[in-house]
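Below, chain A partners chain B and then partners chain C, in two separate complexes.
Moving on to the complex of A and B:
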């Protein structure tokens, strides 16, 4: 889910930027540094909305660089276990499929796809097709929209990877 | 050290019990439609030459694909309607707004925390809320 949260970061600024435009430099630097980054703690930082407070700078010993603590608000995307999301399928293979929720990549293993859906390697691109005979067959293929539930996550320093399931009521192809 | 504590935190986090860890427990949850509006204004306000990062574009594309309410007016009204339900956690409100569900049973299954005892929202109230949200969606 997307959240609005407040965070604090330390920014380094070169002496050449000290002057009337210092706040603008700090703002630009903040945006350049944090936007698009991903951390296990805050998730994907999508967009800095405002700079709340720029604290007092601290000069680094032996160098002219100054560290400023900057408080800001940002829109972040942070997945949680148990959350239900709509995703777009990107890759399908015999082990399962990958889907994207904005910046997040989710893997759905074939064991977490309903058992009546079979892998069909003949189709192009490959797909999972439901076998229920009296209905229009449901097909999960590249670019399909699916509703999935996150059941697990692995968080690295700069990447989040999630495992999803469509093997529950009301989940599956939209 | 830091990574082990982060991992421990992760194990405690679970949307079905409404535990989100210290950083997100009280964070403001946003509807996909609200995010779409915020990113849109960001795109129009920034200089045309500035290159947006990959994550920004992915998120922008995503929210515009899945957003439930098409314009600012309906988004505001949906948000006002959801915020009337004080007994729901912010996370549950936004899930209800984003997923645009048809029946209370579907909501109960997809958002298991709604079944927790502390919630006093009965199925009738829930289906009224879902119907209201749906009407905001159809007005577009």
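Moving on to the complex of A and C:
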């Protein structure tokens, strides 16, 4: 799920950047530092939309560096257990397949793929196919788009991994 | 604007666990009848729709999934029926799983990805804490059970941990599927089996560098003359250039070497010799390796398992399988040293194929401690000289030779086809039907029977080969064992049935006797060659060699025929 939240980060700035452009430096540094990063608490930070407030800098003793507390608003992507998402398949193997929801990697094991979809090692790249005699076979392969449901997540301090399922109503190849 | 609160997620989790407990009880009632049937999954369906706690839902599916495979084709499950109304019948030959696979397929023992159970999505720690109260009295036994997870780290399997029961299940399914396709599995070693590599920093000898350069520019010795005639101008130019400093030509060679292999062949150079500037190596592919691999891929699913690093293995695969037709470029079948579960050893546990259908081709039997006759040992291919040590070898490069087109790999391909044919024509039909995947016949017995054909009907008489104290039991000696393995019988004394006299020295009584009778007298090398090439090789090419030379090479060969020591650190040098 996407959220818009306000966060605060401390930014370190070298004395060489002190000057008329200090605000721009801080903004650039903030974007560079947080966009695309992932925190276990907030999820993936997709985009910094605005810098709300730059607090008073504190000089680090003995170093000359200055720490600025920066308040900003950002769009974050925080996956939840039970959430249904559209994903792009990246790797297919005998055990299941991997898919990406933007920055999030999801593994769908073969136990969570409908039982009529079978692994087809002959195809290149490998795929899971459901053989229906009279129809075009449904195929999950690299670059397929699938709708999946997250059933388990591991949230570390700076990483999120998920286990997904396509074995439910309205899930599967799009 | 909506602030993110983690509390919410936690609350939901609590609810989940409560619900889970309720549902578990409900499901236990409906699912206890052993074949999970339509009623059990429809009973679960309304529950799913109201509030689906993810883990629980999949739990029901997990158990019925096994049921489906085990039972006749049945209507597609409610859960996945959104797209097609008609249920696809399973292939008629779909092998039902052996009983242990269905009965014990609890979610806990499947495997983990990123520390999460791949069926329920629960964290590993959560699982183990759950497991404890369940078998309280056996908690001591449960702890080591956790440790039987096999970590896969190659290809796209990186990071997966599979329980041994799941691994067994996969191997069984894999076996059934391969047998349907009439394929077996072949695990290939790289170094000294399919190719020989040397890194630049080992290439210090100027004589060696010169020989290498010449070989690179003029092609293998057999074609060397033609090549020189064909493109007489350009090779000479190169040659003049090559006279410059060693380092600079090395670099020049490197740039050329990166060119297309076909281009190299057209230039009359040795198409099997490659300079790999990116990994600072020269690699020589064994003659006819491409024919061998192509032929083998028809009947086998190929894996590469090397003691080299994965990066090296991947690079070698681009040479062996440049167009990806062997399926090796698919990195899931290339296993390097880092992936092995035991240091300095290779193990089949990480190969996702049934052990019973795997053949191994490796020149170092020592790294496969328990594989017996499924291991085919080719003659060690040494192109680049191996420096120092007791087993210093000149290699084909320095002797200016190479294996012929119809040498080791050619014979091995024939043998692999024979084994394949034997397995599918003789062994499989006589065994119990396919569905017993856990007791599908073992390919080792095919290997043994094909191997027994090699010298079948021959009766060998050893002289000066087997030490006196072992003469009563020739099978105790490596040569004797090999002879029996190849289907020959061993005569203990002169008799009219003797077809060959295998002599370790000239002018023994038995040799004299054989010459009188016109029976071929051969050196032990002959026997070993028969063993390597899986054929009764021409006797005339193996006369009794002079004492010293024969003894030396024999020692080397014998050492490799002997049962391997438990750990042989030298093998790590690959």
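Assume the second predicted complex is superposed on the first by the 168 of 174 C-alpha atoms of A that agree within 3 Å, B and C clash if a C-alpha of one lies under 4 Å from a C-alpha of the other, contacts with A are read in each partner's own complex, and residues count from 1 in each chain.
Here is the rule we use: a residue touches a chain if its C-beta (ideal position, glycine included) is under 8 Å from a C-beta of that chain, and two chains touch if they have at least 3 such contacts.
Keep in mind the model is a prediction, meaning the values are calculated, not measured.
A.B. asks: Could you tell me if A:168 is touching chain B, chain C, both of them or neither one (first, second, both, neither)?
C.D. replies: both
A.B. asks: Pick one for A:4: touches chain B only (first), chain C only (second), both, or neither.
C.D. replies: both
A.B. asks: So, does A:49 touch the first partner chain B, the second partner chain C, both, or neither?
C.D. replies: first
A.B. asks: Does chain B (first) or chain C (second) touch A:81, or do both, or does neither?
C.D. replies: Both partners, chain B and chain C.
A.B. asks: Residues of chain A touched: more by chain B or chain C?
C.D. replies: Touching more residues of chain A than the other partner does is C.
A.B. asks: Examine A:153 and indicate which partner it touches, taking first as chain B and second as chain C; both and neither are also allowed.
C.D. replies: both
A.B. asks: Regarding the shared-chain residue A:22, is it in contact with chain B (first), chain C (second), both, or neither?
C.D. replies: neither
A.B. asks: Where does A:103 make contact in the superposed view: on chain B (first), on chain C (second), on both, or on neither?
C.D. replies: first
A.B. asks: Counting only touches as set out at the top, which of chain B and chain C does A:41 meet: first, second, both, neither?
C.D. replies: Both partners.
A.B. asks: Which parts of chain A are in contact with chain B and also with chain C?
C.D. replies: 3-5, 41-42, 78, 80-82, 149-150, 153, 168-171
A.B. asks: Write out the stretch or stretches of chain A touching chain C in their complex.
C.D. replies: 3-6, 41-43, 76, 78, 80-82, 91-96, 98, 107, 109, 111-112, 114-116, 121, 124-126, 130-135, 138, 149-154, 161-163, 165, 167-172
A.B. asks: Please give the residue numbers of chain B that touch chain A in the complex, ascending.
C.D. replies: 3, 6-7, 10, 13-17, 20, 23-24, 27-30, 32, 34-35, 38-39, 42, 53-56, 58-59, 61-63, 65-66, 91, 94-95, 98-99, 101, 106, 109-112
A.B. asks: Could you list, by residue number, the parts of chain C that touch chain A in their complex?
C.D. replies: 1-4, 6, 9, 12-13, 16, 48, 52-55, 57-58, 61-62, 64-65, 68-69, 76-84, 86-88, 90-91, 110-111, 113-123, 155-157, 160, 162, 170, 174, 177, 324, 330, 332, 352
A.B. asks: Can you tell me which positions in chain A touch chain B when the two form their complex?
C.D. replies: The touching residues are 1-5, 35-38, 40-42, 44-47, 49, 75, 77-78, 80-84, 86, 88, 100-103, 147, 149-150, 153, 155, 157, 168-171.
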